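In order of appearance the chains are A, B and C, and numbering begins at 1 in each one.
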Amino acid sequence: MAAITMGKKQDGFLLRLLKRIALLRESPVGMIGAALVLFWILVAIFAPLLAPYDPNENYMDDYGNWGPSAAFWLGRDNQGRDILSRIIWGSRIVLTVGPIATFCAYVVGCTMGLLAGYYRGWVDVVVSRISDIILSFPVIILYLIIISQFGPSAFNIIVAVTFIASPQVSRIVRSLTLELRERDYVAAAKMRGESAVYIMLVEILPNARGPLIVDACLRMGYTTIAIGVLGFLGLGLPPPDPDWGGMVKDTYTMMSTDPHMSLFPCAAISSLVVGFNLLADGLREISLRD
Amino acid sequence: MPPVLELENARISYFTRAGEMNVVPGVSFRLEQGEALGLVGESGCGKSTVAFAIMNYLSGVGRLTGGRILFEGRDMSRMTEEELRQIRGGRMAMVYQDPMSSLNPVMPVGRQLMEVPLIHQKASEAEARARALQMLGEVNLPDPESVFDRYPHQLSGGQQQRVVIAMALMAEPSLLLMDEPTTGLDVTVEAAVLDLVRRLRQKHNSSIVFISHNLGTVVRICDRIGVMYAGELVEEGPIGEVFRDPRHPYTRGLLNCIPVLGSSKTSAALAPIPGQVPSTLNRPAGCIFASRCTYVEQGRCTTQPIPTVTVPGSDHHRVQCVRFDELPLRQRPAAAVEAAQVKRDKEDVLTVDHLRKFYRQSPGIFAGGASYDVKALNDIDMSAKRGMTLAIVGESGCGKSTFAKVLTGIELATQGKVVLAGSDIGYTSVEKRPDSLKRKLQMVFQNPDSTLNPSHSVGYIVERALRRLKGVGGRQARAEARKLMDTVKLPVDFVARKPRQLSGGQKQRVAIARALAGDPDLVVADEPVSALDVSVQAAIINLLIELQATRDATLIFISHDLSVVRYLADRVAVMYLGKIVEFGEVDDVFLPPYHPYTESLLSAVPIPDPDLKQKRIILEGNLPSVRNIPAGCPFATRCPRKVGEICDTTPPPERRTPTGHRIACHIPLEDLNRVDPVISRAAE
Amino acid sequence: MLKFFVKRFGYLLLTMLAVSLIIFVVNEYSPGQVTRKILGPFATQNEVDILTVKMGLDRPIIIRYIEWLGQILRGDLGKSTLWGAPVNSIIWDRLLNTSIIASLAFAVIVPASIIFGVAAGMREGSRLDRTISLASIVTTSVPEFASGVFLQSVFVIWLGLLPGTSPLDASGGWSIASQLVLPVAVMVLYDLGYVVRMVRASMVETMTRPFIRTAVLKGLSFRNVIMKHAIRNAMIGPFTVILLQINYLVTGVVVVEAVVGYPGFGRMMLDAALNKDIAVIEAGSMFAVFVTVSTQIIGDFGYMLLNPRIRFA
C-alpha cells in the first residue's frame, strides 16, 4: 500500500477499548442497537431504584380497570401486579441468565471447535458427529425435552442453552480454525516448537475475534428469545418471578379485554433482541470495513 | 484523425469516510491509432486507477474530478449510460489481472464469449456462436469446440487468460486496456500469452494500453512507456529512449534496482530506492519524488509544482523533472560481494538423496476412477554447502514448495533421505523435532500478509522467537530483540507496532529477524520477495546477501523469478514436475549447455532492456495431467528439442561436467554445448 | 456419486440411531417416574413398584431400548399416555396439519426471500437495501409469540378480520382458510427475515467479485448483469439455507401452534413434553430428526449439483 499509517505509542488497554467502541459511531445501525442494549442493561442494574412498585405485590384497588393509568404507567396484570415494575425486574433475569448461558456455550463451543479444527483427524470426526447429532434436533423440541425432563430453573436453562448452542458455536470456531491454521504464522509457530495449546489459544483464537464477537451478539439475541419462549410455554422460571415470557403466557388469553398486559412484555423482549441484532449487524459492517 | 485516447490533465480522486483522496493529480498522454503504451509503476502508483477511469468505471467511490479523458475524440465523462454501454466491450475492451475470477464460474466459457457479438453486433445466436469458436481458434486454444462448453475452472490459467483476451477482441475494439494481464501466470505461459498479444495486435492494428509492474513485459509489447509514481506520470516516451536514457531519477532508480538477467551479485549491486511512497493524503508542494531522490535540490525541487517538459531532440520523450538534463551519466553501482571462490571448499550442510513425496488423491464425487498418487517430488538429489545460496527455481507445480515443506517438517518424505548436520530429518514432523534441530533450520515465507500474526506486536513476535529458539527471556530477550531489529534495519521503535501498521517490506524484515533468532545454520526462504514491489525487493535481497555473509548461514532460496535467482544464487536447481532437470553453479546453469527447459525458461523471462537480444522459444503442448506423468522425461510433452520416442519412454540420463553441473537429458552434452546462449547483446 | 449417497444415508441411519438412544435414555432412565406419571401423584410407592415390574420397566435400559427400537422398526410407535390412543393414530394427522401451514409458508418465503434479498443485495447501501435489511432484522428479532400477540391484537381484537384460534374446525363460523392466515403469517414473519439476510449477504458478496466487473465492462445493462450473471452465482449458497427452512417450518413451529391453538405437530410435542407422554415424545423426536437430516442431504447434494466447480471437478 502506498500510504502507511504512522504508528503511535501503544495506548493503554482501556483507551483502546473505548476507541473500539467509538468505532461504532460509523454505523448508525450499530449505534441504535448498542443504545437499546445499554438501555436494558442500565434498567437491570438500577432496577431497585427504577421500579415504582414491588413486582410481586397485588394491588387490587380499582378492580377490573387494569389498563395504564397515572398510578400504574403500564397498567396492571390480571393479578393486580404493576406491569412496569415486573418488566423492570424481569430484565434482570433475562440479562443474567442470558449472558451466563451464552458465555458457557462459548467456552464449550470454542474448545470443541478449536480442537476439531486444529487436530482434524479422528478428533474432528468425533466432535463433528456429536455436533451433528445435537444439531439435527429442532431447537425448540430439544428445549422442550430437556426442560420438561429436568425441571425449570435458572441452572437448567443455562445447561440447556449451553448444550444446544455450543455445537453451533463449535461449527463456526471449527471453520475459522481450519482456515487460520493454514496461515504462515502458524507454521512459523510450529517451527519454533510451540505447543498445540499455545498455538490454538495465542496464535489462532485472537484472530477469530471479529466473527466471534458478531456471533456472540446474535447468540445473545437467540438466547433471549429462547428464554422468552420457554417462559411463554410454561417452562420458564417458576412464578411469581417476573419472567417476561411468563408474563405473556399468563395474560394473553385476556387479549380481547386487556391487550396491554401481553403487549408490553412482548415489546420489551422484542426491543432487547432487536438491540442485539442491530448491534451485531453494526459490528459486522465495521469489521468488514477494516 | 484524432488520437484513439487522449488524457488531458486527468485528475482522479476517491471519496471515502476520510474525505477526498486525490490519487491522481493530473495525468496527460496521447495514444495514436495502432500504438501500444506501457504504463508501469509500483503498487499504489495509480496505473489501474487510470485504466478504470478511461472506462469510466470507478465503482462509485471514485470520480474524475478534473481534466478530460477523450476516447476517439469524445469526452468520456459526458457520455450517457447508454453510450457507455455501447462503447464498453465494443469499441473499448479490457483484459484483467486474474482471469479465473474475471470469468463467470457458472457459465460455460463459450456462452460468455457469445454475449459480446450478441450485444454489440446484433448477431444471431448462430452467428455469435460461430464468431466465438473462430475467436477461440485465433487465440491458439486447441480444440475450440470442446473449450466452448467448458467452465472456467476446467481451464488452466494461461487458457483462461486467452479466453479473456478472445472476449475482449470479439468486437474488434479500437482500444484494448490490459491491466496486469500476465501477472500470476507462469513465466513460460506468460511468454506465450505476450506472444499472442503481439501477433493479435499486428493483425488487428489495435491500440493498447498495457499496465504492468514488470518492466520486462512492457518491452515485449509496447512502443512507448509511461512511468507512474504516486499518481503522477513522471516520464513518458519511446521505449528504447526511456530505457537507454532515463531522465527521471525515479526511472533511473527503478532500473538500478531490478536485477537484469545476466548480472549477479558479484558483478553489480542492486540499489534500492530509500524511503517510502508518500501518502496520497499529503502531497508535497514540489516534486512528488523529492523525499527519496538522490539528486534533489532543496528549493528548486521542493517548493513549486514541477512542469512536464519534452527532452530536446527526442521523439516525444517527456519528463517531469527540473534537473532532467543535469543528471550524471548512468552507472551501475559496484559489486555487492566479492567472487565466492573460497566457498567452493566448504562442507555440505544439507544433502538430499532420492527424495520422493507422493500425495494420495481420490477423485471427486462426480468423477469416477480410483485414487492415484500425485508425485510432487519424484527422485530429487541435491546438496547445499555452508555459507552458500542454493536457489530452487521452477514454475507452479514443479514441487519447489513441497520441497520446502518436507525440509521444514510440515510434510513428511515418502521415500529417500534428507540429511541435515548428520541426521535424517525427512521423516520427523516439525512437532517432533528436537529443539536443537528447530534452531538450526528456519523458514521465511512468501506472503508478508500472512507471515506475521496480526494480533501480535513486532516486539512480541521477535522476543517470543528468541525465547523459544535461543532460550533467553525477560530483559535479555528485549535487548537481543533490539539487536536483531538493528540487523534487519528496522527502527527500534517498531517494537510496539502491529503488523497492519507495517509495509510489505517491513513485515518481511520482521519475518527474517524471527527466523534468525536462533542463529540457524539453514534458512529456507520460499519466494520471500515475490509479493513485494521491485524497489523493496532490492532492499530485502541486499539484506539477505549481507546477512548470509556475516552469519555464514546457508540460504535455500525458492523462487520462480530467474532474474533474482541469477543475481542472488551461488548454485541453482531447476525443477520441473517433481524432478531436478538441471543443477549446478549459477554461471554454468545460465549459459550453455542448457537443459531444454532451462533454455525455454530463460527465453521466456521478460527483460527490461530493449538492447538485449533474447531467443524466442514458445512452448507448445500442455502440461501432462497429474494423474499420468510420462514414464520418461517429464518435459517430453512440450520440449522443443525432443529427440524422439525415447523421451517419452525412458528416463533421461544425467549428463555431468567436471564442475558439478548436471543436466538430465537424452541429448548428449556436446550437442547441448553448441547451442547459442539465449541472451546476448544486440549488434550495435 | 453412488458413494456419496451411500455414505450419507449411512450417516443418517447412524444419527437416527444415536438420537434414538439419547432420547430413550433421557426419557426413560428413571422407570419409577414413568409409572408414577401413569398412576398419578397419589399412588403409593408399592403400587408404583408393582406397575413398574408389570410393565417390564425394571429391566436394564439396554434391553428396553432394543425392544423399543424393534417396535419402532415394525411400525408400532407405542401408545400415548396423554390421549390414550396409539401414537400412530395421532402423529400422522398432526403432521399433515402442520404440513399444510408449512407448505403455505414455504410457498411465500421462497419467492419473497429471493426477490427481497436480490433487490437489497444488488445495490449495497442503497435506500432499498437499508430498508429491507432493517425490516428483516426487526422481524427476526420479534419472537413468534410476540408477533402472534401483536397480529392478534390488530387483526382479531381490533379489526375482527381473523379468528383468534385455529382449531381447524369450521363449526365456529370461521372458514378453514381464514384460520390458516394467522399461523402462516407468524411463520413467514419470523423466518423470512432470516432468509432474506442470507440471500442478501450472498448477493452482496457476489456483486463484489471481478466477473461482475467483466460483465459490466462488456457492455451488459445492469439488469442483464443481475439476471444473467449475478443471481445464478449468488443463489448457490442460499439454496441450501432455503431448503433447511423446511426443518423449522415442519418441526419447529411449536410456539406458533401454541399461540393459535392449531392442532399440529408442534402442539402435539408441546403437550407431550408438558405431560411426559414418552411414547409421543420419542416418536415425534425421531421424525423431527429424520426430516432434518434428510433435508441436509438433499441440500448438500443440490449444492454440489448447482456449483459447477464441484460438479465438473
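Everything below uses one rule, namely that a residue touches a chain if its C-beta (ideal position, glycine included) is under 8 Å from a C-beta of that chain, and two chains touch if they have at least 3 such contacts.
None of the values given here were measured: they were computed from a predicted structure.
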| item | value |
| --- | --- |
| Reference chain B; chain at largest CA-centroid distance | C |
| Dominant chain pairing [most C-beta pairs in contact] | A-C |
| Averaged-CA centre spacing for the pair chain C and chain A, given as whole angstrom | 22 |
| Separation of mean Cα positions, chain B and chain A [Å, integer] | 49 |
| Separation of chain B from chain C, taking each centre as the mean of its C-alpha atoms, in whole Å | 53 |
| Complex contacts: residues of chain C adjacent to chain B | 1, 3-4, 209-211, 213-221, 228-229, 232-233, 236, 304, 306-313 |
| Of chain C, residues touching chain A in the complex | 11, 14-15, 18-19, 22-23, 26-27, 133-134, 137-138, 140-146, 149-150, 152-153, 156-157, 164, 247-248, 251-252, 254-255, 258-259, 266, 269-270, 273-274, 276, 281, 284-285, 288-289, 292-293, 296 |
| Chain B-touching residues of chain A, taken from the complex the two chains share | 1-7, 9-10, 26, 183-185, 187-194, 196, 203, 206-207, 209 |
| Complex interface listing, chain B residues touching chain A | 17, 43-45, 230, 276-281, 408-410, 430-431, 433, 435, 438, 441-443, 445-447, 450-455, 457, 464-465, 468-469, 494, 496-498, 501-503, 511, 514 |
| For the chain A and chain C complex, residues of the former touching the latter | 29, 129, 132-133, 135-141, 144-146, 148-149, 221, 225, 228-229, 232-235, 245, 248, 252, 255-256, 259, 262-263, 266-267, 269-270, 273-274, 276-278, 281 |
